[in-house]
Amino acid sequence: MCGIVGIYGNPEAATLAYLGLYAQQHRGQEGAGIVTVDQGAIHRHMGEGLVSEVFHNPDLLDSLPGASAIGHTRYSTTGGIGSKNVGPLMFNVRDRAVSIAHNGNLINLSTIRHDLQEQGALFQTATDTELLIHLLAKSRHERLVDQLHEALLQVEGAYSLMILSEEGLIAARDPQGWRPFVIGKLDDTWVLASETCALDLIGAQELREVQPGEILLISESGLESVHQIPAVQPAHCIFEYIYFSRPDSRIFGANVDKMRRRLGRELAREAPAPTADIVISVPDSSNTAAIGYAQESGIRHEIGLIRNHYVGRSFIRPRQKLRDLTVKLKFNPVRGVLEDREIVLVDDSIVRGTTMKTLVKLIRDAGAKKVHVRISSPPIRNSCYFGLDFPTQSELIATQQTVEEVARFLGADSLAYLSLQGTLDAMDHDSDHFCTACFSGRYPLEVKEIPSKDMFELPLESVPVVVTAT
Amino acid sequence: MCGIVGIYGNPEAATLAYLGLYAQQHRGQEGAGIVTVDQGAIHRHMGEGLVSEVFHNPDLLDSLPGASAIGHTRYSTTGGIGSKNVGPLMFNVRDRAVSIAHNGNLINLSTIRHDLQEQGALFQTATDTELLIHLLAKSRHERLVDQLHEALLQVEGAYSLMILSEEGLIAARDPQGWRPFVIGKLDDTWVLASETCALDLIGAQELREVQPGEILLISESGLESVHQIPAVQPAHCIFEYIYFSRPDSRIFGANVDKMRRRLGRELAREAPAPTADIVISVPDSSNTAAIGYAQESGIRHEIGLIRNHYVGRSFIRPRQKLRDLTVKLKFNPVRGVLEDREIVLVDDSIVRGTTMKTLVKLIRDAGAKKVHVRISSPPIRNSCYFGLDFPTQSELIATQQTVEEVARFLGADSLAYLSLQGTLDAMDHDSDHFCTACFSGRYPLEVKEIPSKDMFELPLESVPVVVTAT
Amino acid sequence: MCGIVGIYGNPEAATLAYLGLYAQQHRGQEGAGIVTVDQGAIHRHMGEGLVSEVFHNPDLLDSLPGASAIGHTRYSTTGGIGSKNVGPLMFNVRDRAVSIAHNGNLINLSTIRHDLQEQGALFQTATDTELLIHLLAKSRHERLVDQLHEALLQVEGAYSLMILSEEGLIAARDPQGWRPFVIGKLDDTWVLASETCALDLIGAQELREVQPGEILLISESGLESVHQIPAVQPAHCIFEYIYFSRPDSRIFGANVDKMRRRLGRELAREAPAPTADIVISVPDSSNTAAIGYAQESGIRHEIGLIRNHYVGRSFIRPRQKLRDLTVKLKFNPVRGVLEDREIVLVDDSIVRGTTMKTLVKLIRDAGAKKVHVRISSPPIRNSCYFGLDFPTQSELIATQQTVEEVARFLGADSLAYLSLQGTLDAMDHDSDHFCTACFSGRYPLEVKEIPSKDMFELPLESVPVVVTAT
Amino acid sequence: MCGIVGIYGNPEAATLAYLGLYAQQHRGQEGAGIVTVDQGAIHRHMGEGLVSEVFHNPDLLDSLPGASAIGHTRYSTTGGIGSKNVGPLMFNVRDRAVSIAHNGNLINLSTIRHDLQEQGALFQTATDTELLIHLLAKSRHERLVDQLHEALLQVEGAYSLMILSEEGLIAARDPQGWRPFVIGKLDDTWVLASETCALDLIGAQELREVQPGEILLISESGLESVHQIPAVQPAHCIFEYIYFSRPDSRIFGANVDKMRRRLGRELAREAPAPTADIVISVPDSSNTAAIGYAQESGIRHEIGLIRNHYVGRSFIRPRQKLRDLTVKLKFNPVRGVLEDREIVLVDDSIVRGTTMKTLVKLIRDAGAKKVHVRISSPPIRNSCYFGLDFPTQSELIATQQTVEEVARFLGADSLAYLSLQGTLDAMDHDSDHFCTACFSGRYPLEVKEIPSKDMFELPLESVPVVVTAT
């Protein structure tokens, strides 16, 4: 998962891209970068860390002139290799600079890769992005937008991507519409982004989504929808609604916040806790679901856990082990709220279960009489090959244990997940418009190769990042 | 305002102090430092920034050996000079190393300072802390705890302070009990801290407060209450309950969270908004008051603003001006919640009013029909000379304008503050146990000198921080 | 110009490579890097700056395990694009990691490059090194050493290069033998380097040169001379003897120091200065030539200029202009030596003439009666396309002005260059064994394309430098 | 030993001070700093490392406005505590900022320090500089120049110091004239410095020395010699001529370079080596003495050792031990010069003897037949308490061994030191005008306390370095 943003037609393109990345920081905290094109020259600044760390100085934005820009925030690299798309990446296609920002994952690539290498292709990374560019470079078409079309017809997977070059700004989305991708306008400026929250911060109005399978080009002639990959069954990632997208965003045509409140309400109907005194959430991601649960159940909503927002990647763990430290650093239980009460604790999902186990314990230690855990999505039992960075299947607690066993592991007085049907019922779209593979195991595309961390990967060279394209 | 922590009798004193500072990060984000004493040697690490930035490497904690430690987080330096206590400070009193962590502000010091300088005293800073040490160094007593007593009898103001030396750990609190200061134990380890949340993270049990006017010494013989400055009328800072302390802390003997919910309830009674559809808070500081308001009024509580926790001091403002950017970066209005609704917006206080003005606008832009602003404390009309870093009086909006004018300035459909009487009624203590000077102008101590930024201040020398005390 | 080193068969290969680079620091101060191979894994550390800056921590060497290593120091990048070889570069040839260190410059490459791109090749840099790897990747041979042979038969220019992979350590030198390249042994360890001074520091014995046109492979089976490119007329760079190599090195089979003393003696014979009182050098590069001049002429040698070795790239020029500052910072005239004396000032070469002009002025200001400038090589009148980073021809003072005009420009009482014939006479080799193009304009290879800074160059991606090769 | 510079009356005072420090880099490589005074405000920038490292950006000079400045380079801190003067130090004397740069060492201070502490004085460092300021602060005089006079009458030792304040620039030199200290002018600008080389780089003319015992004030009224401490027997440090000062400087009224050549000539007369083929030096410090030796003896001077100037403090020693590495990294023997020759190796002094031992070995390994070591000063047998950072007496090889034993330790075929009488004969001044304590043990002042590293030292606080002085 990553966040991407594209700007076309604004003298302050880099600044707008920076804000767009900033708004989408939750989609990737590992790294960030922006590329601009200005009078035949390409400029890039990128680095590891948060957007605000990578762009820690206004000079860095000033060093990115030009009226068009693409930006990228990088997601965690702890999972499969496919997620290691750093960005925006730059390539030299017939001595033209091509920059690409990509959110998603292509699959089943090894045959294509092998064939290309046999013909003498030199790969610099193991990323699917570079492979796409190799395919594009092989194309005999003149225009990049046509080369990209030819390349995309040869691959499958999830992708929302943008290519910036002197031709203009190209955007493409996989035919399943896996990841969100919207188009907005701010006066004469085109703004593309993963989520609408990026448009909101910039002040742009949402026009429409990039359509599944659409390949469009924004140039001096305006926006042109150039190619359309043949339609297939949609497969929107339902986890974007449950957890990943920002609650104030609108994705796949519906408000995230509204879906989450509905999931909470549905959860209250499916899994009530009638004897409970109060409903609390695991802040901040399940706040809305908890409110939905409280509203539907009539049980009072309280703030029983306070999140410590100073915990960052910079926190160092002391060498001495302290019990439950990791969770205690992040969540402060409010004794005055929890003491002598029977608690409904709402969270959006459980992955390994270790954090939830400690939370239950902290809440009990603060004097709670009972703790009922309620999860506003089904048990996660399968890996995602399309962008979510879940651990391997054996580390997913729901794959290994029954709900009863998980409840015991957590030390909860009761545990209930929302059913898959209930989850789908809460949505605005038809049930078959979603990828629910992590819950159901039904993958919209056949995954023939399991991406592995052992895939070959080579370092690329470090050279100055400001280049002249002519 | 600052956060302080003291540890005595634990081989991992530095680590515990680090966690204690971490828990009290909200009391000061400008800088942090820890001093330990180990076998006659004093060790210190300090720096600017968050605790997690200053201690960015476990080696830094390992470099602070010893079984006793004091730590300090520094508060913003944007206000009067008195708040520039950096810490812990170190002094050399007759070739003994003395380290001091101080939360609070002494007042009316210029005569004492002048006399000392006439006698040849060299000042390194303009801090009240250094002046205290000069007084202490002049004392003919043998023990530091007695020297400190002699010194404290000559000054007045707010202080919760600790001195670490080979003699042990000394703690002292002003006779008014201005700032919170608690004593806890973790097995055989003594833990002192500004707030109980530091004890909670460490896992220590609260024993009691350091009493107003008490000077105590923790040494190998245990805790001894050595001196008692004659009792005066208490003057607890009521703003600690309203805003400053962490909601899960217990200060001055009562839960902060409980006081805030009561303030919200009292506010609902004093200033109802019967036509409103929903109550929302300005996250996170007014969450509890908003819930109190919702519970008392019966109006539904919703999450209408989401706080972006990636905004940090590292965020750079682009050179290009973007409308309302500062507030928009921090708060994301949730359109689905706000649209077509009449809103009660609860906040804990208004200082300059500029942020609130923008919030009201953002909420309106998101489609709200009406915005009723409700503040869970009285108008702030006076400076604080005892630790709170308010701007000068002329920048306090409530000093300059009537409530009606403020409402117009904010663009709110209505505005109400909680009354001072209502505020005091919500408390557990008697009304006359608080300093309410920022609201009422009644200062518990006469302030003869207004601390000014123009006071002389000299840089100190930078030398290695590990020193040998014998 | 660059310095390269290769180590094979030593558990401390990285450390030896580090020392080898260190000894050859004079061959390139812009950057440095080392690559090692260890059990199928490739490790690299590289950076900008001096060797001691790039490897500023012993941990960096420890992070480069393995018994074979290649290292590279990068020369100034102020000249043509061909000199921008950073290194060692790494490439992925059919999922095998290939690392290459290259000293020299290939020429006339644009047709080859164009053809490769038409076939879909993606270039990451504009370096000749990458182009060589593309040719190598196209080869149908199995072994790298054979692929390299096929590639080298297609190019021309100056190169001393090494390729490190799991196959072993491959070394190749152009058939003209343009740049020095020697083989040494330290017990069972093979050591290859540009100059013998690298062998000396490591403690290795010189065995022989890599022969012009030779392609050799060092593997577990020892050193094998695998291919030999057909012999051509030798073209050793005579400037290596005059200025570039270290005086204690032995290159092309002769001692550099000895050649320089001979150049000084020959200069004394060709261009005496019978009325002079003392001979001084421009330290340190012309010290030996000055001694040769003094010995042959019988004029006393003195130290009239002292070089300030604290001048580094880190020196910042104050914004205020100070007369002659650049030269004064570097050279301190010794008034007691120069005052009232007639001086012979010996230097090895003149490029633009600006430094020499200021030196003459400084010497006069220190009281010298007369200044006779003597240069131990002919006037530089032509660009070098084979590794020396001279400015463009129009900036070479000798191209624009006669010797008399140059003397006037310098403010010298007399000026003499050593003749080309005298220069060649001083050498051990036959006259036609050298490239003297910078003096004579006779290029050993026809240069059809002038390398230009405007050549397209793209940034490469930054990813972690430790990789697993399978 | 340190280098100091003072500028008065130039709008670019900081830049001139920077150049003055740069020229005196050899007097201290541990750290550097500059203080300026501008319209009642004091500005300082300082740091560890070389001048060019501390001032790595022109902005840093721009941040030091004002027409007067003092600068300081810090010498190695490996010796006694007295040498730990970092600088310039800043103090607050009755709310006036006083900055001081000090080169030298006060002695016998413990009684004064103890008395001050009994009166309540707080010391921030163990430096003699701070003690001086405490004395100054106790003085009842109004003017700093008078306060300083009163303070200096109470202490003894070596000092060349400057105090910068709003009153102007005060300079003082101990009555023995231990360290060099000169006054120059550049148009209307006053320039004070340790050595004339600083004046030369700036372009200032030398006027005269600060006289031994003189206390002068430079203000808007010009230079006034305000006080004169009663005259005593001069005690110039003879080691300044032998090694410490720069050869192009003029100190104590004579050219350093000239003294060194004379020392070499005297050495040739006292200790000839008639069978030797060539004379070589240990570059760069003994170059001049070696030339003197060659001229007097008639033996040919050659360059047998080349110094590697890339060795810096940044060089990291590999963890693996390599024989003789330290010396080999620094000195490259030139085999072509040394092979089959009988060598005279001239150096200026021997401290521990370890470097010389390795040099002799390297020269032999390069094929020398015999190595005769000749030292242009007497054996160093005593500690210096006045600024030179020799190791403890037990580490001085000449204290422990006879000349014959040292020769054997070095592996030299012969060894001779210049006699003390010969050393003094080479000088321009009378024999009794020098401190020769390191050779003779005769200390000009009685040293009652041996400075020790165990002296108490406390860290000072770090606060911003730009301050407003009223």
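Each chain gets a letter, A, B, C and D, in the order it is written, and its residues are counted from 1.
Everything below uses one rule, namely that a contact is a pair of C-beta atoms (placed from the backbone, for glycine too) under 8 Å apart; a residue touches a chain by one contact, two chains touch by 3 or more.
What you see is a predicted model; the values in this text were computed from it and never measured.
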- Query: To reach chain D from chain A by way of touching chains, what is the minimum number of steps?
  - Reply: 2
- Query: Roughly how far is chain A from chain B, going centre to centre by Cα mean, in whole Å?
  - Reply: 37
- Which whole number of Å gives the spacing of the CA centres of chain B and chain C? 62
- Message: Between chain B and chain D, what distance separates the C-alpha centroids? Give it in angstrom.
- Response: 50
- Message: Which positions in chain B are in touch with at least two other chains?
- Response: none
- Query: Among the chains present, which pairs are found to touch?
  - Reply: A-B, A-C, B-D, C-D
- Query: Quick one: in the complex, what on chain D touches chain B?
  - Reply: 44, 46, 84, 86, 89-95, 97, 117-125, 133-134, 137-138, 454, 456-465, 467-470
- Would you pull the chain D residues touching chain C in the complex into a rising list? 12, 15, 18-19, 22-23, 25-26, 50-53, 55-58, 60-62, 197, 200-203, 246-248, 250, 255, 257-258, 284, 287-288, 291, 295, 300-303, 306-312, 314-320, 322-323, 325, 328-329, 332-337
